[in-house]
Structures are given as C-alpha cells and as structure tokens.
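Quick notes on the structure that follows.
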Amino acid sequence: MGLYSYLLISIIIFTIGVYGIITQRSGIKILMCIELLLNSANLNLVAFSSFNGNATGQVFALFSIAIAAAEAAIGFAILVALFRLRDTINLDNINILRW
Amino acid sequence: MAGLISLMILISLAGALITFLAKTREQARTVALITSIISLAIALKIFLGFDSSISTMQFVESYSWIPSIGVTLKFGLDGIGMPLVLLANIIIPLTVFFAWGETKEANRFYGLILLELTGVMGVFTSLDFFVFYIFWEIVLIPMYFLISIWGGPRKEYAAIKFFIYTHVASLVMLLAIFALYFNSLGITGRASFDMFELLKSYQVMDGDLIRGVISLKDAVFLGLLFGFIVKMPAVPFHTWLPDAHVEAPTAGSVILAALLLKMGGYGLFRVILPILPFSDSKGIMITLMAIIGVVSILYGTFLALAQRDLKKMVAYSSISHMGYVTLGAAALVPLSVSGAMYQQFSHGLITGILFMSCGVIQHSAGTRIIHDLGGIAKYMPKLTFVMLLGFLASLGLPGMSGFIAEFLVLVNSYFTLPTFVILALFGIVFTAGYHLWAMQRAVFGTYNEKLGHIHDGANYEIASMAILVLLVLYFGLNPNPVLNMMTVNAEQLVKFAVGLRGVMI
Amino acid sequence: MFSDFAALIVLLPVIAFVLTLFLGKKLPHGGAYLPIAAIAGSFIISAGIFLEIYPEGIVQQSIPWFSSGSSTMNMGILIDPLAIVMLLMVTFVSLLIHIYAVGYMSHDPAKSRYFAETSLFTAAMLSVILSDNILQFFISWEVVGVCSFLLIGFWYHKPSAAAAAKKAFLVTRIGDVLFLAGIVMLYVELARIIENPANAFEIGSGNFILQFKTMFEAIPLIDKTQLTYITLLFFGGAVGKSGQFPLHGWLPDAMEGPTTVSALIHAATMVTAGVYLVARTFPMFAATPDTISHGVPDALLVVAYIGGFTALFAATMGLVMNDIKRVLAYSTVSQLGYMMLALGTAGAVLGSKAVGISMFHLISHAFFKALLFLCAGSVIHAVGTNDIREMGGLFSKMKITAVTMFIAALSLAGIGIPFLNIGTAGFFSKDMIIEGAFEYGEVTGDMIPYAFAVIAALLTSIYIFRLWFMAFTGKPRSERHSHESPSVMTIPLMILAVLALFFGFSHTGFYGYVESNFELMGVDLGVHEGEPFHPSVIVILLPVIVGVVGFLIAYLIYNKRILDMSKIISSQNPLYKLLYNRYYEPKIGADLIGVKLTHDVAAQTGEFIDRKIIDGLVIDTIISSTIFKIGEVIRKMQTGVVQNYASITILGVALLLVLLRLEFGGI
Amino acid sequence: MNLNVNFILLAPEILLTVLAFAVIILGLLITDRSKNMLGYISAAGILASIVYVLGNGMTGKVSYFYDSLVVDPLSQVFKLIFLIVSLIAVIASIEYFKNNRNQDEYYALILLSTVGMMVVASANDLIALFVGFELASMSTYVLAGFEKKNPASLEAALKYFLIGSLSSALMLFGMSLIYGITGTTNIPGIIDFFSIAPFAAESSLGVLAMIFLVAGFGFKMALVPFHMWAPDTYEGAPSVVSSLLAAGSKKMGFVAAFRVIVLALVAIRADVHFTFAILAIITMTYGNVVAVSQRSIKRMLAYSSIAQAGYIALAFVVTTQMSIAGGIVLALGHALMKGGAFIAVAVVGYMVLSDNKNAKNIDDLSNFAGLGKRAPITALGFFVFFLALAGIPPSAGFIGKLLLFYSITIEAITPTGVLTSSWLLLIVIIAILNSALSIYYYARVIKYMYVLPPVGEKIKEPAAYVTAILIAVVGTIGIGLYPEPFINMAMNAANIVLGV
C-alpha cells in the first residue's frame, strides 16, 4: 500500500466528517464528526511520517490525539450543561442568538 | 516657551475643558466668553504685530512630535491664515454672547463652541499636513454634537449626514496627502509631513495612477480638491449643508457657515493653488474648478429662491457665495485670488448675521417658514434693522464687505475666465431676488396675526449682530487691513501661474 | 475755499443720516431739521464751489482706497460743469422737498426713519454725482438703489408697497448687473492696456485705474468692439435706473412710497442718474464704431432708439392711467426717454452739445416734475385718494396748488412762444431735443427718432392736461372735504413754479458751460460738429403746435366733454385694454419671468434635483436604503443554527479554492 | 538541548502558567468569599508579565525547545497585546465576577488562554502553534460558557466550540498536508523548502493546505466567511469574556497568519493579492453593513470587530513592511478599543441590572439613552473607542488605518502592473467608504449616549470597570498622540514577518 491509499482513506474519512457536520442535528453526532476530521488529519500525519522517514508526524499525531480528547471533554461538558438548561441538544432549537 | 499661536490654541482648549466641568450655566458661559475674549486678544496681538508686506510665514513655532514619520507640531501664519484666525476669534465670542440665553446643558454647549475654536484655529495655523489633518477631523466632532444635541426635529439625520459626508472627503484628502508624503520621501529620502515640502515635491511627482487614464499628479490633485470642495461645499457635494443648517442650533449654524466652510476655501489657497500650476492637466483642472464655482453660484442662488424655510435659504446662499471663492481661486489672477480670500473673510461675518437673524426669528415667532411669517417688522424693529443690513450685505451691496470681495473676484477673474464671469453675473440679479423676496414676505407686509404677540430679539442677540454689521461695514469701507496681506500672498501664489493666463476659455 | 470742503457735500447728509436714525425719534418733527440743515449746507458748499470754478475750473481730489499697484481703486471727487449743475439741482430740489415733507409727513409715526433714509439717499446721490471714478459711481449708485428700495417700501406693512420696493430693486438690479459687467470688462481692458508695454500707457501719480480721466485717456487704445460692449452695458445700467424700456416697469409701481419720495427720487433725482451716467461717460459712447448706421456711433444709435421709443411708449400709457401719481410716473419715464434721445441723436451729430441739451432738459424736468409731484402730493394730502376720477373741482379750494400745477403742466408740455424766446423751462429744453432729433434725421436720413419725439410731445400734452382738467375743474366727484395745504408745503411749490417758468432763460449760458465739460477734461470727442444749424420754420414751430393741440384736445374732452369717453374706456376696447394693462408688462415681467419662470420653473426644478435626485435618489435611496436593505438581508443569513455556520465555513473553504485557483491556476 | 539556556525570555509564559495552577490550588484552599482576591493576584501576575516583556525588549531573536518557540520582535509585540487585553479583562472581571464562587477556575482559564495565545505568538513550529492555539481555544470555550445558568452564554459557548473545533480540525488537516509536502513542522524549515521548491506550494496539495490553514486562522480572525460564530458568541458570552475574545484571541489568528502564511507567501514570492483583497473587502463591508442594523450593542461590536478584521487583513494584500506594521498597530489599537468597549458594555449591563434585576437584552441600544449622564466615564470610554474604531484622529485606530491605507496607496502609485494598481486603489476607496459607513452606527450609539435623555438615575461606576476602561482609553489616545514607539515596534515586527 502506497502513501496514496492512506491519503485516500484519510480524505474519505474527512469527507464523511464534513458531510456529517453539515447534515446532523444532534450535538453529539457533530462532535463525533469533528473527531473524524481530527483523526483523518492524524492518519495523514502518521502516513506522512512514515513516508518522510522522520518521527515528527507521529509526535504531532500524539499531541493531536491528546488535544482531541480534551476538546471532546469540553464539548461534552458544554452539551451537558446545555441539556440541563434546555432539555435538548438538537442544534436546530439552539438559536436564541441570531441575526 | 510656547509661541502666541500655540498659546491661543491651548487657551481655547483649556477653556473648553473648564467649561465642560463648569457646574452652573452662569459659570459655563462666563468662562466661555472670557476664554474666547482672551483668545481674541491674542489674535489681535498677533494681527497687530503681523507684517502684511511679506508673504512668508510669521510667528512660526515648531515642536517635534512623531519624528519617525516626520510629523512636527508646526504652526505659523501668513496672509492666508491670519484673517481667518482673526475671523474665528471674532465669530466665537460673538456666538457665545449671542447664545447667552442657552439653557440646555449649558456647560457642554459652550464647551463645544470653544472646542470648535480650537479646531479651526489648528486648521488655519498648522504647517504640518499630519497635524492639519488631525485638526481638520477634530473639528467635525463638536459640530456633530452641536447639531445632534441642540438641533431641530431631524437633527440626527442631519448630524450624521454632515459627519459622513465630510469624513469621506477628508479620507480622500488623506490619501492624496499620503501620495505627496511618499513622493517627497522618495525624492528627499527624508520623512516629513511639512506642508510646504510636500507641496513642493508635487512638482517633481510623476507616474500614472492608472496608465492611460489618469496620472498620479492629477489623481492627487483631484483627491485634495475633493476634500476641500465638499467642505466648502460646492455643487454637487453640497447636500449635507442645507440639512445641517436647518437642524443645527443657531450658534452651530453660525460656526458651521462662518468657520467650517472656510476650511474648504482655506484648503484651496493653502494646498490647491500652489500645486495647480504643476498639475498635468492644469487646463482641465482650472476649467473644472471654474465650472464648480460658477455652478455653485448659480445653483445655490436658484435653490435659495425655491426655499420656504428662511434658514435653508440662507444655507443655500452660503453655497452660492462660496462659489465665488472657487471661481476666484480658479482664475489665478493675484487680485481674484485675494478677492476670493476676502470673500471668505467677508462671508464669515455676513453669514453670521443672517443665521443669527434666523435664530432670533425662530426663537421669537416659533417658525422660520417664510410663508408663516409676515410683517414681523412691526414687533421686531431692531431685528429688522440689523437683519436688513445683513441681507443687503449678503446680496453684495456696495459699501459692505461682500461687495469688495465679489467685485475683486468678478473683475479679476474676467482676465482668464471671462465666460464664467459672465455666467456668474447672472446670479447677482437672482441673489438680490431671493434676499429681497424673503424679506418682503417674512418681515414686511401685513402682520400675520396667527403668530400672536411676538417680542423683539434680546439685547445680547441684537448686540452681537450689530457688532457684526459694524464689522461688515468697516471692512466694506476699509478692506486694506486684511486685504493687503491677502494680496501679498495671492501674488506669491499665482507667481507660477502667470503663464497660464489665456490658456483658458 | 469752498472746494476744499467738497467732501462735506456728501458727508453732511451722511452725518445727518446717522444722527437722525438714532436720535430722530427724540427730536421734534422726527429730527427733520438735521437733514434739512445738512442739505442746505451741501447746497451752500456746492453753490460756493460753482462760483469759484465758473466758468472753467475743475475740482479734483482723490485718495487711494484698496488694492495696490496699477490696480489701485480710489475714492475721489470730480467737480466739473456736468457735476456742478447736477449738484446744484439735487441739493436744491432735495432741500425743497425735505422742507415740504415736514408738512407732508407730519402725521406719520415713523417720520424720523423717513428723514434718515432720504438723507442717506441724498448723500448717495451726491456721491454718484461727485464720483471721479466708475467704481465709486457704481457703489453710490447701488446705495441710491437701496434707499429707493427702503423708501418705496416705507409703508412696509402694505403688501403692495413691499412688493413694489422689491420689484424696483430687482429690476434696477438687472441694469446694475449689466453696469457691473461693463465695469468688469472695462477694468480688464484698461489693465491689459497698462500691462502691454507697447501702449506706453501709464497712470500718472495721483491717478487711478477706474477714474474717468484714465478711462477717457485710454479710449483710443481700447478695442472698438469691446468699447461697444462696455458702453452698451453701461447703458444697460442706465436703462434700469432711468426706467427705460424694457426695464421701465418698476417706476410706476414705485409710486407706492410717500409722494415726497416719488418727487425726490422717482422724478427729480435718482432716475436721472442713468442719464447722468451716459452723459458722464459720453466720450466713450461717442467713440464707439459706426457699424450700423454711417456716421452714428453704434452705442449712441441704441441710446437714441431706446430713448425715443420709451418717450412714446410711456406716454401712451400715461394717457389712460387713473392714478394721479402713475400718470406722472409714466410722464417721468417718457421725459427720461427724451433725455436719452437727446444724448443719442444730438450726440451723433452735434458732439458734446448733446450733453448740454440733455442735461438742460434733465434739470428743467427736475423742477417741473418735482413740482408736479408735490402738487399731486398736496392734492392727495387734501383729498385722500390717488384716483383722479374721484377728484374734480378742486381749483376753487386749492388755488395755489392748481396754479402751480398748471405752470408745471405748461412746462412739461413745452409751451412757449417760438422766435421770441419766451416760454417755460420745458419749452426751451424740449424744443432743443426735438430739433436735435430733426438735425439727426437731416444728417443721417433717419427720421424715426424725430417722429417718436414729436408724437410723444403731443401725447404728453394730452395726458398732463387731462390730469389737470380732471383734478381741478368740473364738479367734485366725491364728498371729501378738501383744503389748501399748509404753507410749509405751498412755499416750496411756489419756488419750484418760479423755476419751472423762468429757468429756461438760462439756456444759452447753460449750454455753453456744460458743453465745455469734456474739453476742460482734455478729452477729444472725435465727433465733428455739424454744419451751423438752421432748421426750417415748421420744425421750430412743430413742438409748440403739438403742445397746444394736445392742450386743446384735453380741454375739449375733459373739460367741455364734447366726447363721451365711456365708450372708449371700456374693457371691450383692445387698445384701451392693452394700454390700461401697461402692455401686460407686470404680467410678463413679474408674473411670467419673475415668478413662473424663475421661481416656479427654474428654482423648483433645482429644488427637485437637489432634494429628490441628488439627495433623495442618490444619497437616500440608492446609497442609504440599499445599504440598510442589504444589511437586513445579510443579517438574516445569521440563522443562529450552528450547522448553517459550519456549512458556510465549508463553503468558504470552497470559495478560497476557487479564488486561489484563479490566481495560481493550480489544483 | 542546552539546559543552561537562559529562560528569562520565557518568564512571562512560565509565570502565568504557574500562576494559573496556583490560582486553582489557592481556590481550593480559601473560602468562597475571599476568592475575590484572586482577581488581584492574577492582575498582578499579568502586570508582572508585561513588565517582563517590556524588560526583555523588542529586539533580538532567541529560540527555545529545539527551535519550536522563538522570541523575536513579532512575538513580543503580540505578547504585549495579549497581556494588555487580559489585564483589562481581568481587572474588569474583578467586578464582573465578584463573589462568584468559581472565580478560581475563571482566572486560571484566563491566564491559561493568555499563555496559549503567547505560545502562538512565539510558535516557530506547527506543533507548538497547534498546541498554543488549542490551549487558548479550549480555555476560551469554557470561558464563553462560564455563566452556566444563562442559556445565551451556553449557546455562545456551544457555537464557538463547534465551529472552533471544526476550524481546528481543518487547520490540523492543513498542517498534516504541509508536513507531508515538506517533511518538517519547523516553520523556517517549511519556508526554506518552499523557497527552494515553490512549485510544491503551488501544487494542488500545497494550495489545499494553505486554504485549510487560512480557514483555521480565519476562524480566529473572524474573517468572512469563517466569522459566523463571532456575533453569536460575542453577544452571548459574558462581556468581559467577549472582550478577551474580540480583543485578544482574534489577534492570535493574525499572529499565526503572519508567522505561517505571510512567511510562506513571501518565500515563494506568490502574488495572492487578489484572494486576500477579496477576503479583506468582503469582511469589512459585511461587518459594517450588518452592524448598521443591529440594536444589540454587543452584536454591533461583534460585527464592527469583523469589519476591523477586514481592515487588518489589508496587511496581507500588499505584504510590505508598512502594511504589516499598520496591521500590527491596528491590531494593538483594536485590542484596546474593542477590549475597552466590551468592558464598557459590562458597565451598562451592571447599570441596567441595578435598575431592574430581571432585565432582558441588557445591551440593547435603548439602555444607552443618556449614558453620558448616568455613567459619564463609561460614556466617555465608548465615545473614545467608537471614534477610534471609526478612524478619527488622534487615536490608535487612526494611526493603524493610516499606515494600512497608505501602505496600499504607495503600492498603488508605484505600480508593478497596470491592473494591480487600479485594483489596489479600488481597495483603498472601498475601505474609505466602509470607514465612512461605520461612522453611522457608531454615531448612533453616541447619539443615544449624549443626545437622548437618561432613562434612570446616575450610577456609581465600579472602580474595577473604570480602571479597565481608563487603561484602554489612555492606550487608545496615547497611541494616537504619540505613535512613534509603537510604529517602530511594529516596523521591527514587520521585518520578522518579511523574513528580513
């Protein structure tokens, strides 16, 4: 498998993530789609790392995974707080701030 | 030690701040009047010490400010600026005195008036383009407040329109100033906003803004011109003026017409004329200015004729009168230029009387609509007297200062711009027409009983106007004290333009 | 000695003006004695100067005013024969009328303002006469116009008076602008002549660019076409001020002012300023090229025709007016036409004699017309109306007025006895004009001005005697109690009557003196005097014959009533309608041009463009509202739904792709 | 790695990080009531950091941690901006979050976000850049939702979070591509690679990478079309946090863009005026046009902030020393003006709530009526900030715009090509018209403050707010009156950006 296969997979994951963000209504699902995007980038990094023959990419990926975890935690925290207040995490209904 | 000019500016600024902080109306107006009189005293001292036989800058003072981009606080006066500084110092104390009865937020009101004084004096004395621009912009703010706080029913619209219009113009002017600055930087390798250096560097500017369409020189010229004629204002960029005047309080109108409009004319003499002879398309530029001048004269006149509101009529008359300034400047004949300068000075005095009259009428009769007035001379004899003199002065009656100015402009512009002068002459008849027609309907005739019992103007109001009338008469009979210094500078200004005579239509 | 105080001639009335204005209310008679004393002083100084300089002295004093170098404007005094006769006449008539006004205005609450204004007027008029330069002339001329404006509108609470004042100022202003344009062109010509070293033309020290002296000296150097323009523009000013066709409409309306004002300003003095202007600058008129009619300078030809036409034209309207003052006003217009005619016709063939002829008529006219107006004032004072149809039979009640007015009418009609040289002032002055017109016809073959003059003379006689007969004879047509005026009013009448009768006998001396005017100034007129003048008997008799015929016609119709005028005076008669409506001049001038075209069409169009197009359409609608609308629309894109935001972010990425692709050509 | 390296240059970051943890620990130890002191401690720490930064000077260049952080004039200028903004925010928070029992976390988060921004300013490696970015972002996500009983605040946090993490993901993806192309994450290394092989940058992947980076930074900068979150978040978040976001975190995007994009562009000498010009113009016009119709002042300020981002982005259009210096000065000025303005909104909120505990729409325009009488210092602050935002001299806003406009004008008048120059001129004209338009909505608020009659009593303005506002006012006017040192500073920083 050459580099391009990894890249292809990564792009597919990326596209799925983008599609999900655009179409999904639930906050959780969107959060998951964002994770997909991040992971597609991670996949890239690791693949490039292997291709380039240095470890920087993998280090970067490790950082990114850790950060993604923290990000998810914050995201869930916000969603939970919101759910307590509004009883919904359907993003269509969360629009008191607009115009 | 600070020089007299900066002293004058600082005193008015300090006076403004003290006035803002004043606790009572009495304090505020007293401080304002005293400050403006001190400033007038300094201005008179400068005026009396002024050597009107030389065209160079006098009373120059210079302080370093932003050396990295070459900005210095440099002030000075010559025959172009001196009369206008004097005018500002005449108008402001009289305006304060005229508005002696202001009750609404007096401290802010008088404070803003003093700030206007600071601003216009800064404009008329700065010799550094950067500082000039800053004062130019600062002037807008107090006027914005004067209109929007003490104004009439549509004050907000008028104030914002005034602000945006003139601000756009100043930004365009700013761009042109940059171009000059960089040009000078490129030539001398020295960063400087010194006004004369920049204007001089214009002579060796080259390049195109858009190749084949407009050269850089022309673009810079047009940018500067635009900045000034919007302020004057000239047709077709004048529509902010009637609105601003109609809504502004009387004091605001007086300052606006007597001082702020003069900034535009001042720019023509200070900035436009020195570079005009070196413009790439000078013929076109001169024609353009002449057209703007004449169209303003005629258009302003006809519009004034159409007005129902006395104050709006006066506002349009300002447009018309300022047209002479543009025309005289465009003619590039020494005496037409000094006539144009004199027109600035004279119009400043005359328009004060006119707007004050409108203010007194509004105050007393509750309306300025000409149709709703009528026969008010019966109850307002004192007002009628000064107002009539003001109107006569405004229509260019010989013996009053306006005539000297218009005469000089018309006669001397005829050397180079005969066609335009003939067109402008047509305006004179109609100028007389709208003034007298308005007087006839508003002041004379049968008293309109619907107005109820009205009273004459307060003594301080009439006195302020009477002083202006006396000044108008004095400068109509003896123009020399200011005209001579103007002429000296005008000769200097057109020295390079001599070859241009006969280029034109 | 007196000439050292020449400036006081103007300054005394100015001082009187200031004092009367501010102190008049507190003084008896509204402070009338101040101006009277001042004008008397002016008269005395003028008379003193006259005695000093007669027969060939000139007083000239000048100081620089403003501006510098070769373009210095000055203020100064020039008293030459032309000026001194005017000075004497103006100060004298003005003095009499001021005295008369003490009685006439005695009941008016604002009389101090009246005296202040007439005093200022007199000062300005004297300044016009004394000016040694065209700019000061113009300035004074304008101040005169303003005083006229103020005095016509003296009873400003009357709408008609306020309107008439405005009309007077505006119509004369048209002339003034032409005059100013003439000055502008003249100045530029002179400056170019001075600038051009080839001309070797210099202004001597103590002399200034716009002085008459400089102007006259430069005449040979001025481009001939330009000279025609300049003189015609000057004449435009004169047309406005002297109420010549087509700017005559303001003068009859000006009768809204007090009668004394009409007498002083609109009959005797101010309106003659136009004639004085042409006389003053006569050398320039005479030097214009003769492109239209051989031997006749173009400018003078125009002057002659306008003057002659006006003389006739105004007289026709004088025939039908019922307002006593309007009749006199049209008469004034007509007589001013004669003066212009004299300058034009006689000027073309007789050179500077024309100035003498014209000025002589001017001065005799001043006497008899002032007298006519004062008599009319006396009548109005007594009867309380201006309408001659409501008068009648006043002769028995107001003998002095009736007699003096009859004398004035005789003088106006130019009645006298030819060959014996006995006659009224008007007889001598008008005769010379008509003969001059005839001489002009002889030389050039153009008899039209002569015809104008003769027919106008006939009409003049008819309308003035119509007036007199209707007012003073027949049965009283109203129930008013009328009485003779007080002596403060009748004495001036009598003095003027004496002058109207006997002034004519000074004619030979007068002609000689005034003719020498330009020679004294060292100006070569370039017009060669014609052959010695020997008109035929019929020519000499004709003016008197038409005068007498006119008198008879008026007598038969208005006294003997041999003809029923009611058929002619009806709204059915188109000719009568045309005359009665003053050739529709007010309708065309004020309503059509003044209101409809200028205000309703031009000004309102401007207003429309300004408010609706520049401001409304461009600023408010296109710029302002559009921004607001776009703002509102874009604002709605901010839906508040976060997926939309994400979608737009993604779209933005796509947009960037496109943009960068455009720039890089990559992807 | 040489452990003897002198870390004094990184002292501010270290100090703030330590302080952040100290604040949390201290918060556990002390009572809720005495937590008010934490604000003062944080403020003191930030002040100390400012002193450090200034003491370290604005010149020289030192790198740390295997060349992943660098201290140079560019980083120093932006650190100063970030520190000043957080100082203002912290001082204001002393009042805003007074007696809030979660103050310890709040201040710790502010400090950490500041550290994050400072790391971005110093980042010399994509990894460091990303970490700094995320540190700052995540802290501010939480800060935006700090009023957890307030649905608007939470909604603001959610939107900010979702769009923010989307942008982070895009940015990360872009970074991965760059790493793939160049084989390194070190920024100078990347630049070197691209300058040797410009075709690589112009390849499809290179362009894609650049777009993703622009999207990521553009999110922070609130450039249209990555701005959608900004109005909602600024409106919903607590005013002091909005102040931090608009004034500070926004600049993080700019410094990152200066570090990466501009450097890369300069390296490959690519002519991408057009793209950035379009972005800048759309951004400023959009911001101004929509701001005109807003009645919520926070929202209006948000749009105005978008518009200002458009002006600053003009720096990318010509990428000359002058333009970048202008961008930096305007960024500095904007930090003060906008930071101060949001704090002033907080005062209005305080005022409205003291009138009526249950007031809704506390930043509605109508509440500004007569503010000049009710809260004179706040009103004066608004007045200065608005005029400065509109670019009226003498103010920081004027100086910044001046430098920017004139850098473009000078490019326009010494043209490289006929088309370019007229394009540039058009840009300036549009910018000027925008500037004029902006006066409209600023003046409307000024009108409410000074022209309309007050709707309530005069209030006593809390000292903390007053201090914060006055700092901003003094800074705004000070830069306008004496721009000399700031221009020099910005010029030095611009040299770094240009790789000189």
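We call the chains A, B, C and D, going by the order they appear; numbering starts again at 1 in every chain.
Simple rule for what comes next: a contact is a pair of C-beta atoms (placed from the backbone, for glycine too) under 8 Å apart; a residue touches a chain by one contact, two chains touch by 3 or more.
These numbers come from a predicted model, not from an experiment.
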Farthest chain from chain B by C-alpha centroid distance is chain A
By C-beta contact count, A-D versus C-D, the higher one is A-D
Cα centre of chain C to Cα centre of chain D, whole Å, reads 77
Cα centroid separation, chain A vs chain B, in Å, comes to 64
Chain A and chain D have mean C-alpha positions lying a whole-number Å distance apart equal to 26
Whole-Å distance, C-alpha centre of chain B to that of chain D, is 42
Multi-chain contacts in chain A, i.e. residues touching at least two other chains, fall at 21, 30, 91, 94-98
Multi-chain contacts in chain B, i.e. residues touching at least two other chains, fall at none
Listed in rising order, chain C residues that touch 2 or more other chains are 635, 638, 640, 642, 646
Contacting chain pairs, sorted by label, are A-C, A-D, B-C, B-D, C-D
Chain D partner, complex, touching residues on chain C are 627-628, 630-632, 634-635, 638, 640, 642, 644-646, 648-649, 651-653, 655-657, 659-664, 666-667
Interface with chain C, chain B side, in the complex: residues 161, 236, 239, 242-243, 299, 302-303, 305-307, 335, 375, 377-378, 392, 397-399, 403-404, 407-408, 410-411, 414-415, 418, 421-422, 425-426, 428-430, 432-433, 436-437, 439-440, 443-447, 478-480, 483-484, 487
The answer for chain D against chain C in the complex is residues 158-159, 162-163, 166-167, 170, 202-204, 206-208, 210-212, 214-215, 218-219, 224-226, 228-229, 231-232, 270-272, 274-275, 278-279, 286, 289-294, 437
Seen from chain D, its contact residues with chain A in the complex are 126-127, 130-131, 134, 138, 141-142, 145, 148-149, 151-152, 154-159, 161-162, 165-166, 168-170, 172-173, 175-177, 179-180, 183-185, 231-233, 235-236
Counting only contacts in the complex, chain A reaches chain C at residues 18, 21-25, 30, 91-92, 94-99
